[in-house]
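The two complexes that follow have chain A in common; it is paired with chain B in the first and with chain C in the second.
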Partner chain A sequence: MKTLIKKVVETFGPSGREDSIREIIKKEIEPFVDSLAVDTMGNLHAVKKGAGARVMVAAHMDEIGFVVTHIDKMGFLRISPVGGVAPVRCLYQRVLLDNGVKGVIGVEPVKNNNEIDFSKLYVDIGAKDEDEARSLAGEGRFGAFLNEMTELNDLIAAKSLDDRIGCVVAIEAARRLKKSPNEIHFVFTVQEEVGLRGARAAAFRIEPELGIALDVTGTGDTPESAKMPMKLRNGVAIKIKDSSLLVPKKVKEFFMAVAERNKIRHQPEILTFGGTDAGAINLSKSGILAGCLSIPTRYIHSVSETASLSDIEETVKLLVKILECDVKKELALE
Partner chain B sequence: MKTEDMLKALTEAPGISGSEEDVAHLLRNYFARLTDEAFIDKFNNVIGIKKGTSSAGKVMMAAHIDQIGFLVHTFEEGGFIRIAPIGGHDPRVLPGQSVIIYGKEIIRGVIGTTPPHLQKSGDTGKVTALEELYVDTGLKEEDVKARLRIGDPVLFDNVCTRMAGGYYSAAAMDNRAGVLVLLETLRILKGLKHQWDVYMVGTVQEEVGTRGGALTAYEIKPDVGIAIDVTFGDFPGIPDRQTSKLGGGGAVAVGPNFHPQLTERLIALAQDWEIPFQKEFNPRPGGTDAVSMQIAARGVPMVQVSIPLRYMHTTVETLDLQDIRRAGRLLALFAAHIDEIHGEVVG
Partner chain C sequence: MIHILEKFSNAIGVSGNEDEIRALIEETIKDHVESVSVDFMGNLYAVKPTKAKNAPHVLLVAHMDEVGLMVTGTESNGLLRFSPVGGVDSRLLVSKRILLGKERVPGVIGAKPIHLQDRNEWKSPLPLSALYIDIGASDEKEASAKVPLGTFGTFQTVFESQRDVVLGKAFDDRAGCSLLTELLMTEDDEEYPVHITAVFTVQEEVGLRGASILAERVRPDYCIAFEGTTAGDVPRGPSESPSTEMRKGPALSFMDRTAIGSDKLIDHFSQTAKIKNIPYQYKKTVSGGTDIGVIHMKGGIPSLVLSVPVRYIHAPKGILAVEDYKNAICLAKEALMNFKEVL
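Up next, the complex of A and B:
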């Protein structure tokens, strides 16, 4: 699974420019599903047939990034964020543009770090002047961070674990899942980072009876961190709430019961900010039961998002066990 | 059942956003006596349908049944519990409150605070952030962990009180007052003829983003929608233009997301029948189910009536019961005439 994680997290794909990552995921999941389709928004639908409940498993393949808004006289690119990018986390990072050009992010001199915002940042692509910069990268190019996955003891650090790690969990679950009574739609969604957009359209298309998002969640296990119950190495986090979703009781209890029954290490997740595709699925049409399995992750929205391999493994296990259940029966659906 | 008794029962029934089961069942039972069909959907929205004589159209009246509260968030050393907010809280009014935790069992607690004697100089009068507050149940750390779970709802201990002047105060008046308007409307509608089907909906999760209203409006697809909520009552220190008067009748909303002609006709009806009412100006859409109902499915023309309420989002939300009766009467008349009004102004 580590090789797959490395390949998937290191691929380019900011919101709205998910083509490369979609091609990689398509190849990886193809052997394990009955059909593949790409919808008008760019979501990838990988379906395992079944006669039971329609279950939508959503992992977003987009990552945070930026768009080039103009090129200054000296040949530096000025940028605007795509998704929740903190300006200070951009400093001196290496970036990749959608045409393969690389750059580093610099900052104008400031007296105080609080003054750093996107108007002070620029991308240096090594251009001699404005004309050369323009020939290498014009306005409207999208960019994303570059970083290699690193192992830290039993943890991994990489860019875009949010939410490529969810994508890997979905692929791995599709591979391991041999028999399921449900019709399972693994959906690799677009544009989550700019407002849960792909999942909403996909949910309208599928009209699932249950939605399960796979995503990362924050932790309260670093020095002076905000108080949160989630910790690395404590297993898969079963969401109770975030800003986008109050998980319906029967969904939450179903997930917890499956984890208990199969002795899968799990922890409850309460997030007082943020949202996931599960929130968008929940509010589609006249409402869809939805929940979320989260991978506890430190330093979210940085180039060194850090998670535990054991938590990732527990997430795959729980997802497989949930999907093996007769969802219609478990949730008492007609 | 008397209106006062229903107000007490409704406000005291627990129903934090996302766990509205108790108040939903209570409302379903009330609806069952007054409608042709009453049920609870998979999200705990409560729907009561009163069939009209022609069933040529649908009018949906929505009042949210959920209330703000907290969830058990983390366990601290010594058995103290940190809480996470559900809905919009004012941290100034939290220390010193009694709370009830609705876990596997009901456990009482208090939100603690530093006594004035021990406050550092300069800290007096400072507001403690919600993240820094804790609930004390008196249980030992191991018992707290055994008997409670992360995510268990925490609500203010709530008693509905009749005040000296005849006003009522309680937590969760926002929006059980609106729910009571639905019941008043139905009570009066029993004696009136109406052509259209009337869908009475107690919606969930309004306090976390007007969710239940969006979902039920998508499902019902009404021809006309009415949101019923509470609005800021008058009290010292706030200019009159920002508030509505207790005892002045329901506040009819005027603003970009309300249908202008339907709103005018609602006001005309109040004038014709000499039902006290007031106008409320909402220049920016938001804050009630109307905001999401309006853009559900292919769109719904909306009006809104609100009950003036003092001290919103505290344990002493205060109102005048007369305003609920008046709003109910007005909305019953509106429902009885909605077929002709809709024909004339929406078409």
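Up next, the complex of A and C:
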């Protein structure tokens, strides 16, 4: 699984420009599903047929990044964030644009770090002047951060674990799942980081009876961190709430019971900020049952998001066990 | 060509109160389309079919509503309290002339004169709570008889032409409305190779509300919104983006707060502009939102915004270059006449 994680997290794909990562995921999941389709927004739908409940498993392919808004007289690219990008976390990072051009993010001199915002940042692509910059990278180019995955003891650190690790969990679950009474739609969604947009369109299309998002969640296990119960190495986090969703009680209890039955290490997730595709699925059509399995992750939305391999393994296990259940019966759907 | 923009700009249509502008648009387009209809929210639909086989269905939108004011209170001395409708910059309201309601009751936005302000009050702009509308009423009874609570108000601005620019109110989005109207007014020997449903939407300025019900009703394959957008080519810092610039052509949006434009539609429009030698630019900021924000997510509809650069939108008087407006019509028409399936 480690090789797959490395390949998936290191691939380019900011919101709105998910073509490369979609191609990789398509190849990886193809052997394990009955059909593949890409909808008009760019969501990848991988379906395992079944007679039972329609279950949508959503993991988002997109990562945070930026878009080139204009080019200044000296040939530096001026940018705006795509998704929740903190300006200080951009400093001196290496970046890649959607046409393959590389750059480094610089900052205008500031007296105090609090003054750093996107108007002070620029991307240096090594252009001599405005004309050369324009010929290398015009306005409207999307960009993302570059970083190689690295192992820290039993943890991994990489860019875009949010949410490529969810994509890997979905692929791995599709591989391991031999039999399921449900019709499972693995959906690799686009544009989550700019407002859960892909999942909203996909849920509208599929109209599932249960939505399960796979995503990262914050932790409370680093110095002076927010007071949250989630910790690395404590297993898969079963979401109770975030800012986009209060998980319906019967969904949460179903997930917890499956974890208990199969002795899968798990912890409750109560996230005080942020949302996931499950929130968008929940409010689609006339309301859809939805929940979320999360991978506890430190330093989310940085180039060194850090998670535990054992938690990832527990998440795959729980997802497989959930999908093996007769969802119609478990959730008392008619 | 500018005649339609002039009529639309002068009409009243604050969000939620679009009757006058809707009637005017309906009258202007009805002989050029197969049918027109209005839904329960007040959106105006016009259908223009094609004889072409297997033609894609394109939804074209422009919002009819404009930012303005609503009367929310009456003082005992006959002065009116009000709230903004949509994104109105309260700092520029003082001393502006206002027209209230269908009868266009004139009023002026008043505030305490400089002589009566203490020194501290000089330092900051007047907040909304310090402003009121004066219609010359002598008491509460007279004021509320003339202008009941809930009456809408708009800026009293009359359209004018000067050299190669025009000045007027509500170019956001009457520029889009008149552009869309021009697109519908084809010659007898012209026909688009696409099915067009044109919708003039309501309540965009208060949160894209009219457009939020469109996608399910129209079920289009593509959507293009026409807008009047911020031109920031005014004095600014070296690293500040002008967003769009006047006289540099219509603007294509790659991204804003509510949607990422379809890259394939952007390619089609920019290629069309290059082939037909029409100037165009990109909108070089990601601020603001448009109707496609709520349309594109309904099952996934590739969408794009094409805008006319306008200086001073959401203010009593905006300015746009006639050449930008004409080039926007030209680009939109060529792109639709040569529409390619981009999926």
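In this text, the second predicted complex is superposed on the first by the 334 of 334 C-alpha atoms of A that agree within 3 Å, B and C clash if a C-alpha of one lies under 4 Å from a C-alpha of the other, contacts with A are read in each partner's own complex, and residues count from 1 in each chain.
Rule of thumb we're sticking to: a contact is a pair of C-beta atoms (placed from the backbone, for glycine too) under 8 Å apart; a residue touches a chain by one contact, two chains touch by 3 or more.
Note that the coordinates shown come from a computational prediction; the quantities given were computed from them, not determined experimentally.
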Review point. On chain A, which partner's contacts cover more residues, chain B's or chain C's?
Key: C
Check your understanding: Just chain B (first), just chain C (second), both, or neither: which does A:201 touch?
Key -> second
Review point. A:39 contacts which: chain B (first), chain C (second), both, neither?
Key: second
Practice item. Sort out for me which residues of chain B touch chain A in the complex. Key: 17-19, 21, 41-43, 71, 73-74, 82, 84-86, 131, 149-151, 205, 208, 211, 214-216, 218-219
Exercise for review: Could you pull out which chain C residues touch chain A in their complex?
Suggested key: 237-242, 254-255, 258-260, 263, 266, 282, 284-286, 296-302, 343
Study note, to complete from the structure: Given the complex, residues on chain A that touch chain B span 220, 226-229, 240-241, 243, 246-249, 252, 268, 270, 272, 282-283, 285-287, 289
Check your understanding: What residues on chain A touch chain C, complex-wise?
Key -> 15-17, 39-43, 67, 69-70, 72-73, 78, 80, 82, 108, 119-120, 122, 138-140, 191, 194-195, 197-198, 200-202, 204-205
